[in-house]
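Below you'll find a set of structures to go through.
What follows is subunit A paired twice: with subunit B in the first complex and subunit C in the second.
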Partner chain A sequence: MLSFLIRRLNLLLITAFILTIIAFAIDRSVTIESDLTLSEQPNYFFQYLSYLFNLLDGNFGYSSLDNQPLLTRGLLFFNATLELCFSALLISCLIAIPLGLLAGLFRNTKLDYMIMTVAIVGLALPVFWVGVMAVLLPSVWGDVLPVDGNLSLIYDVPTVTGFLLIDTLLVTKEYGLFAFFDRIAHLILPSLVLSFFLVTEIIRLTRHSMTMVMRSNYIKAAYAKGFSRRKIVFTHALRNALPPIIPQLRLQLSTVISFAMTIEIVFNLDGIGKWLFTSLKAGDYLVLPAGMLIITGFILFFSILVEIIMVIISPLRRGSLYVDK
Partner chain B sequence: MLINNGFNEDKIQSPLRYIWSIFKSKSIAVVAMWLVILLIFAAIFAPHFVPHSPLAQNSDKMLLPPYWVDGGDIDHILGTDDLGRDTLSRVFHGLQFTFGGAILITFIVAIIGMVIGASAALTKGIKASILHHLLDALLAIPSLLLALILITIFGPSYYNCLIAISLSLLPQFIRASYLAIEQELGKQYIIALQLDGATNLRLFRYGILPNILEPTITVINRLFTMAIIEIATLGFLGFGAQLPQTELGSLIASSMELIYLSPWLVIFPGLAIFLVIVIVNVFAEGLRHAVIEGEE
Partner chain C sequence: MYLISLRTTRLILLLLSIVSLQGCYQNKQLTDNTLIYCTENNPTSFNPQISNDLASLDATTHQIFNRLVKLDSNTNRFIPDLAESWQQSDDKLHYRFTLRKNISFHHTDFFTPTRFFNADDVLFSFNRMLDIQHPYHTVNNQMESYSYSHPFSNLLSKINKIDEHTVEFVLSKPDVTLLANLAAHYAVIQSKQYADQSLQRGQPEKIDFQPIGTGPFKFKSYTSNGVIRYQKNELYWQDMTNIENLIYITNPSATKRYSKLLSGECDVISYPAASQLEAMSKNKEIILNSKSTSNIALWAFNTKQTILQDDKVRYALSQAIDKKTILQAVYFQSAIQTNTLLSKQSWALKPRIDENIYASQQAKEKLQTLNYDFSKTLSILVPENAAVFNPNFHKTAELIQSNLADIGVMAKIESLSGTALQARLFSGDYDTYLTGINVHINDPDSIFRPLLSCASSPENGNSSRWCSPHTESLLEQSLTESNFAQRIKSYYLLQDEIYKKRPYLPIAHVLRLDAISSSVLNVQVNPLTGINFQYAIKQDLN
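For the complex of A and B:
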């Protein structure tokens, strides 16, 4: 286990190192005079070293618009983005996993074709267009759900974690749970739109892994024992079909984040996408390396975490630990 | 000529021919294939057959609805925008930029990615390991962010947007083709070929390529879908095609403030993107099923 951890962390370090080089290159190419540039450094190598030490200190530079430290601002905005992503993940898992399992169980039937049609439609709808259409909704159905902003303006919620769902729970003394419910109402529509893409992806993965499991020998053995189909599906197949989806889903994380960034701009939500977009439009290019480091840092960290969790929960993966011995 | 019908031996069809005969039997996939061909022709020859110039303004006919709605005009089937420009012509010109650009990206990325992926899989040692780490780092950057970075550095224009999207999709394709080839390399017939003394090139052409057809089709389909969505997204955000160019995403963005007055202007370009992706996906899905059946 220890050697596995060390190997993973090693990979993390090298990749993070490459990413800081990329961030440094961006920083140098978008700015002529940067706060981080120590002009006494003679060449790029020493400039990079000082840049790296600044990063390790947590000093990502200051925004040239409002002179706020980029790291804290970026992290707060990124937390809002993560909140959106995870609520979308929750919604799409609730919708897609049952559909995918059904499609895998009844492969090549009418039901399967119907579900796969839904999946293709979900993939083909451009996210930003669905967002624009959703913004039209109040003019069609009346004010059912808010389509604009993170929170109604009547609530004054101090930013503590950036996760507004948590922040609104912290101010229950003033507003009760109303602020929390208001936040949920604001979150529903953007996360539904974001989940379109994820639903497609999860349906495909679940269907594939369910088909593979149902073809395997131990399922045939269970049939031979005379178990009912329901018992086989629920006790034997499900437990083996679901874990392989997780690492596959991890690969979609960066796509999901880039869609979330688009949705933030369409729905006017505060998040890292809108932050980058407005800053770039205003000419504050220093946000680019900072935003990139925050997002990629999270993705790297998350993927290593997923791998470690997979090793803990799945015996099949644990076997791969001993492959080298 | 000497033709002897009595002793004709049973012809064994070549694999490609066999796949084609299976593909022909799926009517939806064949329809999708003709539609794809039609789309390609429409994208190439759009300026020659659309009824109006996409930039021709007509101050008498502003914000017309489509012709089947009251007040519509048969001269402008899908209506006009706030300057009296014909929506149908603009959508077709947009197709040229969005669909044509996506096809271009798909071709270039598929060829370059396959070459790099294959050379990474077939060589061992430092080269593969460097590539591995570099790809890991590039894969961690979301494609929209990478496109934003490149466009910030090189300035927004349609061609820079195409380059940025190709660069952001390249690592995913390299990784996918690398994994597919790696999986194939462990199989017995490849080892047999290697023992025969086949060079890497021959190994790839005759041993690996026919067997990774199915995953490659899936990946190329995915590549195309992402390319078209990203071109439209960057156009929508204003980082892609610049103003006189009518790209579908920028069409949507430019009619955003008219959305309550004339929602058609937003609906039609979006529907066009949707239809293109559905058609190509149905075609690719049909092809994939034909390949799978042909292999079995």
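For the complex of A and C:
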């Protein structure tokens, strides 16, 4: 177990090292003139070391626009992005898991073909384009769902955690639950758009997993015992079909985050994507290495964490604990 | 199958509850006293004295500040604002203003005034612009801006404080435009006490970014994502506003602004795209407010170029231009075709039964009889970026180019921007220039002087390099004349002269467009000084 953990952490360190080198290179190319403290160092190696110590110290530099510390700002924005990603994940699970299970249960029937066709169409539509179309919805629907921003402007909610669902609950004294509901309303359209491609992915995974389970011997045995189909599906198949999907979803994380960043620009949501976009447009290039480190750092940390947890809870994966396997 | 139906029902129920959420997520009370204005651009500052872009004017003039006098939009007369009354001396050089008493500046988180508005504030507001030695004169770099101090520097010789509530403006020569200038956006009154406090704290630049005024709304915050928040000024000295919270948000995309107006996220939007106007005018829930402005798009002929020196040539070239097509292709419904420099609202406009002078064939024949040199290629200089008076310079230039080609005149378009354009104008090495003028005060002099005066340089407006003693004397005459009828008469003469000599071809007077949700009433738009939400009322239509 220990050697496994060390190997994983080793991987984490090596990747983090490469990332900091990239971040340092970007940082150097944009601040070669302005950052005197680093330039005082004799060569790139020492400059890199002092950059690395700054990073470890939590000092990612300051925005040249509003002089705010980049790490704190970036994390707050990133939290908003994560909130969007998780709500999209939630919505797509709600839509896709039942559909995937149906498609798996009725494999190669009309229902299956129908579900898979819709899913493929969803995958084929570019998220960015769907976003732009969604923004035009009020022209058809009128006053139904908001299409712009994280929260209605009538609520002046101070940013505490960056997760607006939490922040809005902190101001219930002032606005009651209205701000919270308003936040949910603002999340619906962007999350739906973002869930488009996730839905396809989850349907495919669930369908496959369900098919595998339905073909397994214990299901056959259950049939042979004379159990009803409903009982087999509910008590035996479902329970075993869903868990294998979860680790697969982890692989979608980076794609979801990058799509979320484009969606933020379309829906004018404050998140890390819009933050990077507007800062770069305004010539504040220092946010680029900071933003990159925050996003990649999170993905790296998260995937290794999930892997470790999977190993701990899943007996099948414990094989990887041993070096020679 | 039971499983499926149960799941599906749950799913449908969930989706239904999400959709029905929209009914209850809005806080009615808060929505009703909050007004959201979605604008195209961020203001460059919160002081109309240093920024004269429309976004800054909309965000400041009527909301935060008051002026000494203002223009009554119904009667077109000057009425008192912060000044109670005024008298003009017999020599027409002294104007004495009596100021209102007990008027408080905004009480905000960053400033609490300890005294009421008085003469010192008036002196501070004007001396900041006029006095080069003034500690605030160079704050926020207005030195580079031509328009800063320009309106008053030739007009005023000094301002005297007679007592706490009386000030005297001394003119350098008799000039009737003083009141118009005092009613303009750049004559807003700032708090001297706030300025002194900011200076003491070593943050003088704050005065233009965290403004303090006497207006109906007080500034609350401005965030980097383009959201400006204002609150009702509880101590306002005139009718209290109905709106408690006024919020501006910048959405550069016109499509987004329109979407937000429809989804109820914006109550008022600025500059709807020309292509949306038709759909908007059909929608009963939207009121399209269009105000004609004096901002005009022009095609200037460089009268110093040999080939364009003859006014008959200029006239013939003007005849060759099909303005109607330009209006349709470039402006859609956002401008009105014009033949005059002054707009229809101007009191000095000489009504002209105007023939649509577009006559391509006639123009060609005229040029032939004038022995015009058809082998020469005319240059059309165009600014690269769109301006208030022209959404697309290049397209306009292309249309002009093709009109000229119809009569056998070759033309080349040169797009320049910034300093390159300025340098080119300064050098005089161009034949024609596609330009316009952005008018800030409601006085004909503000259009004629920059365009026609010998003292005005091409960068400041006189891009036709027009300089004639006759025009000059008419300009002076009309400026010093306080007899209104006489003044109008000299402007009529001036317009006749210009119409004949044709240093400019007026193309269109631009409209200022705002789309307002039908639940919002009484939004006033002044094309010169910006939008005014003081009297706005939001009503519940449901």
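Here, the second predicted complex is superposed on the first by the 297 of 325 C-alpha atoms of A that agree within 3 Å, B and C clash if a C-alpha of one lies under 4 Å from a C-alpha of the other, contacts with A are read in each partner's own complex, and residues count from 1 in each chain.
As a convention for this text, a residue touches a chain if its C-beta (ideal position, glycine included) is under 8 Å from a C-beta of that chain, and two chains touch if they have at least 3 such contacts.
The model shown is predicted, which means the values in this text are computed figures rather than measured ones.
Of the two partner chains, subunit C is the only one touched by A:I184; subunit B is not. Touch criterion not met for A:M114: it reaches neither subunit B nor subunit C. After overlaying the two complexes on the shared chain, residue contacts for A:M1 are found with neither subunit B nor subunit C.
Once the two complexes are laid over each other on the shared chain, residue contacts for A:L300 go to subunit B alone; subunit C is not touched.
In the superposition on chain A, contact is made by A:F234 with subunit C only, not with subunit B. Touch criterion met: A:L136 reaches subunit B and subunit C at once.
In the superposition on chain A, A:T15 contacts subunit B only, with no contact to subunit C.
Once the two complexes are laid over each other on the shared chain, residue contacts for A:I257 go to subunit B alone; subunit C is not touched. Subunit A residues 135-136, 139 lie at the interface with subunit B in one structure and with subunit C in the other.
Those residues of subunit C that touch subunit A in the shared complex are 2-4, 7-8, 11, 14, 18-19, 21-22, 24-27, 30-31, 34, 36, 224-225, 227, 229, 245, 247, 249, 251, 255-256, 258-260, 262-265. Here subunit B touches subunit A in the complex through residues 133-134, 136-137, 139-145, 148-149, 152-153, 225-226, 229, 232-233, 236-237, 249, 252, 256, 259-260, 263, 266-267, 269-270, 273-274, 277-278, 281-282, 285, going by the rule given at the top.
The part of subunit A that touches subunit C in the complex is made up of residues 65-66, 94-95, 98, 102, 135-139, 141-149, 152-156, 175-176, 178, 181-182, 184-185, 188, 230, 233-234, 268, 270, 278.
Against subunit B, the residues of subunit A that register as touching in their complex are 11, 14-15, 18-19, 22, 26, 29-30, 120-121, 123-129, 132-133, 135-136, 139, 254-255, 257-259, 261-262, 265, 273, 276-277, 280, 285, 288, 291-292, 295-296, 299-300, 303.
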